[in-house]
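Just so it is clear, A, B, C and D label the chains in written order, and each chain counts residues from 1 on its own.
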Amino acid sequence: MSERHWLHTDVGGAGADSITVRGRDLATELMGRVTFTELTFLLVRGREPTPQETALLDAVLVSLAEHGLTPTVLAARLTHTGAPESLQGAVAAGLLGAGSVFLGVVEDTAVFLDAVVAGCGDDGLEAAAAEAVRARTGAGGRIPGLGHPVHKAGDPRTERIYAIAREHGLEGPHLRALELVAAAHRQATGKALPINGAGVAGAALADLGFPARIVRGMALLARTAGLVAHLDEEMARGLGMALFRDVERGARI
Amino acid sequence: MSERHWLHTDVGGAGADSITVRGRDLATELMGRVTFTELTFLLVRGREPTPQETALLDAVLVSLAEHGLTPTVLAARLTHTGAPESLQGAVAAGLLGAGSVFLGVVEDTAVFLDAVVAGCGDDGLEAAAAEAVRARTGAGGRIPGLGHPVHKAGDPRTERIYAIAREHGLEGPHLRALELVAAAHRQATGKALPINGAGVAGAALADLGFPARIVRGMALLARTAGLVAHLDEEMARGLGMALFRDVERGARI
Amino acid sequence: MSERHWLHTDVGGAGADSITVRGRDLATELMGRVTFTELTFLLVRGREPTPQETALLDAVLVSLAEHGLTPTVLAARLTHTGAPESLQGAVAAGLLGAGSVFLGVVEDTAVFLDAVVAGCGDDGLEAAAAEAVRARTGAGGRIPGLGHPVHKAGDPRTERIYAIAREHGLEGPHLRALELVAAAHRQATGKALPINGAGVAGAALADLGFPARIVRGMALLARTAGLVAHLDEEMARGLGMALFRDVERGARI
Amino acid sequence: MSERHWLHTDVGGAGADSITVRGRDLATELMGRVTFTELTFLLVRGREPTPQETALLDAVLVSLAEHGLTPTVLAARLTHTGAPESLQGAVAAGLLGAGSVFLGVVEDTAVFLDAVVAGCGDDGLEAAAAEAVRARTGAGGRIPGLGHPVHKAGDPRTERIYAIAREHGLEGPHLRALELVAAAHRQATGKALPINGAGVAGAALADLGFPARIVRGMALLARTAGLVAHLDEEMARGLGMALFRDVERGARI
């Protein structure tokens, strides 16, 4: 069946005797040897991370996993209310809302910073950041990664990601560019918008070598952990049905 | 708004200055201090794991993450073919197939073993396992966690999970009961069905204290990592469209 | 490629010059000739409906399409709040909650009534209904299709479906059995539970010849129309974000 | 609870004695009186359609419902393979792929034509169409609604929709503009791309008064009928598992 070479995948495969992930034997080379975070890096990037890279990726995933009763968590819980037989359906419903408004910022920031750092060394970064801010705000656009509806004074996650990246020698061009972008925006508009948690996550993932196209996927992975925890609580003590009844009362005016 | 106490969640929350996860400050107490696996344990179980528990949970998540071009991976890739603008939609489609046939075994095994270990000490485990096998097979049912369509001689993941659990002193009643169940089944039927990877994962998660109702959620988390890797590859080199064209040719008979 | 005969489908196909649905040419034999309801019947049943069958199917679909701000509608709207770029994601999230608790009743009733009518003529229907009620309530189970949390005195849709079915000579064994089941339940328990709208829909779909396995699918189709209308309104005037903010205030106790 | 006026919806609601859809009593004013297509028009547009509008909407829905073993149908069937317990999950997976590549054309065409017809009477339509084609092709963009990978000589659905619209006096500015756009594209590029079935559906829905933002929703509704039929066949005779095994063989090179 060589004419179906397009069916080949480098990610993994299963035979009668072994399971292979990125060319490694799952049972003997990965289980008990790598953490789930290291496996995720290996799965997506195709190579195992250094301990420093693992530390930063762990911090990013931890920062994105849980944010309380967000719209996506409410959607997941309300889905479970109607279909308790399908945990995967409730998790999927929760992920479906992880789009452009919330988690999309992680991706948008990576895309924006990719353009800033492309083709300029460290020396040119400040000018490139200022120019990118000018072009985007001039066109009436918002700078992705800046500002937050709730954490107005500063997102508590931002400083921590920077500190952890520095500690491990992993503050790369994207993280540096994001700070320069925030400074340029302040100078250009007079408004000091803090770097938000989604933005700093996008920059850190880009510096970890994840293509911009997939950084939203890392955020989806992180949020899945939070969704699973909310659904476990929902099974023990449901708030979906109570929320529905409360809405029903409110809608009957 | 005390009349809306039902809106309370113990999982997490976000205020203007801080984000809280299971009562801990996300930025200062968790980021940089716990791994993503440890955070997941904390999110669902409500307490931080011991290093031994983390090692076993990591091994379980690693064992479940990736299995090649499964039906769910194909569904995710085909969904991306039609809707590349929505990565979350492709991941969600992939999770929706993680139901009773494949990942459900993780949950079914935990539920079955919960009934075996309930109300019997270590001494009674062998008799309880034999009785449970007799009741299930007598009713024409299959024993969850035994047998595999591909890994007929033995699932390579099973032995590793047992070894890791023993190494860390975490082989609990569910893992022990599963071996006794496999032995009782062999004795009762004369057929030696190996313990499969989903079954041993369910037993290990139950011994880690996860309620049976949520073990499928841990499998969904693990599979999300594999789906994200497949979708990254799909964006670089799509096989969804080629698969569709190939099916189209085959269907035109 | 005769070795891939398993790829054959009877539902439909597309060639370079024509699209075929159930063996009919879409453009010349169906468009402009059949209604969407008639096409749906043809798609699932494999033959075109009589005018009487169309009338009853229309009434059933109309009865199931919209029920206000249900949990599934809220999930769809909250999903749109986070991912406005993906209308299909919001619709999918809405459908995911159409499970065992609400729409599942349509299927459960069809399955229950299938067992009642199986192997008994019209003469034996009353006895079979009484026996099925006895067996189910004796085992502590609930009778699907009876009772409603809101419409306690009687679901306004039930009487209408029966009237329309009679008007068109389509009150078949399932609809008759459902009335006998309700009467038997009243006699056995002393509690008069009305037949609910989901139950009568399941019975009518079964009498229209839809296999029990797919009647939930007809309910999903009907609900899609309601979801699309709610999402159009959500795009014009969003309540998802307001609901999230309201929950946020309530959760901060 | 007047402070929660934002919970109000005009779509529908359920009280103890009645269900209301767009201000009409469901049981007495809609069931048995309107078809499912008429109800859908009422749900989204807020008023009942004329018989002519119903005929055109039926034709559009019929034209979009089924197209064989498309990527979305395969995704739905493969999802059912892994999770047969959740019909709604398989339907949802099928809808998730109805994105920008296939069904999105319906929306893209409506958006494009909205800009063409905006602020120009019938006299100016030809010039506006030519200008819009010039601007889009000049910027290297493709014209939505033109061309088809399979139906190269002409989509069989296009002519039918035009004929049905004319027959009912409903060929409005969008349908007229689409023909002018196709002609202008032919003149500008020398390539005769036929109007495709998704494009003509988008134009017809726009002429029926559906806002461009929701025309994709009508396509999702139509496709749900096709998905339900495929899943019914999948339950009777599954091809998902066979497709997976076939892919597995092909991937093992």
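Convention: a contact is a pair of C-beta atoms (placed from the backbone, for glycine too) under 8 Å apart; a residue touches a chain by one contact, two chains touch by 3 or more.
All figures in this text were calculated on a predicted structure; none of them were measured in a lab.
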Over-half contact-pair match to B-C, picked out of the listed pairs B-D, A-B or A-D: A-D
Selected interface, A-C versus C-D, where C-beta contact pairs are more numerous: C-D
Centre distance in Å when chain A and chain D are each reduced to the mean of their C-alpha atoms: 32
Centre-to-centre distance between chain C and chain A (centres being mean Cα positions), rounded to whole Å: 38
Chain centre separation (chain C, chain D; CA means) in Å: 22
Contacts with 2+ other chains: residues of chain C: 4, 7, 9, 13, 15, 68-69, 83, 85-86, 88-89, 92-93, 96-99, 103, 243, 247, 251
Arrangement of touching chains [line / ring / star / complete / other]: complete
Chain A contact footprint on chain D (complex, rising order): 1-2, 4-5, 7-9, 13, 15, 83, 85-86, 88-89, 92, 96, 247, 249-253
Contacting residues of chain C [partner chain A, same complex]: 68-72, 74-76, 78-86, 89-90, 92-93, 96-104, 240-241, 243-244, 247-248, 251
Contact set on chain A toward chain B in their complex: 4, 6-7, 9-19, 21, 25-28, 30-32, 34-37, 39-40, 43-44, 55, 57-59, 61-63, 65-69, 86-89, 91-93, 95-99, 103, 150-153, 156-157, 159-161, 163-164, 167, 211, 213-214, 216-218, 220-222, 224-226, 228-233, 235, 239, 242-243, 246
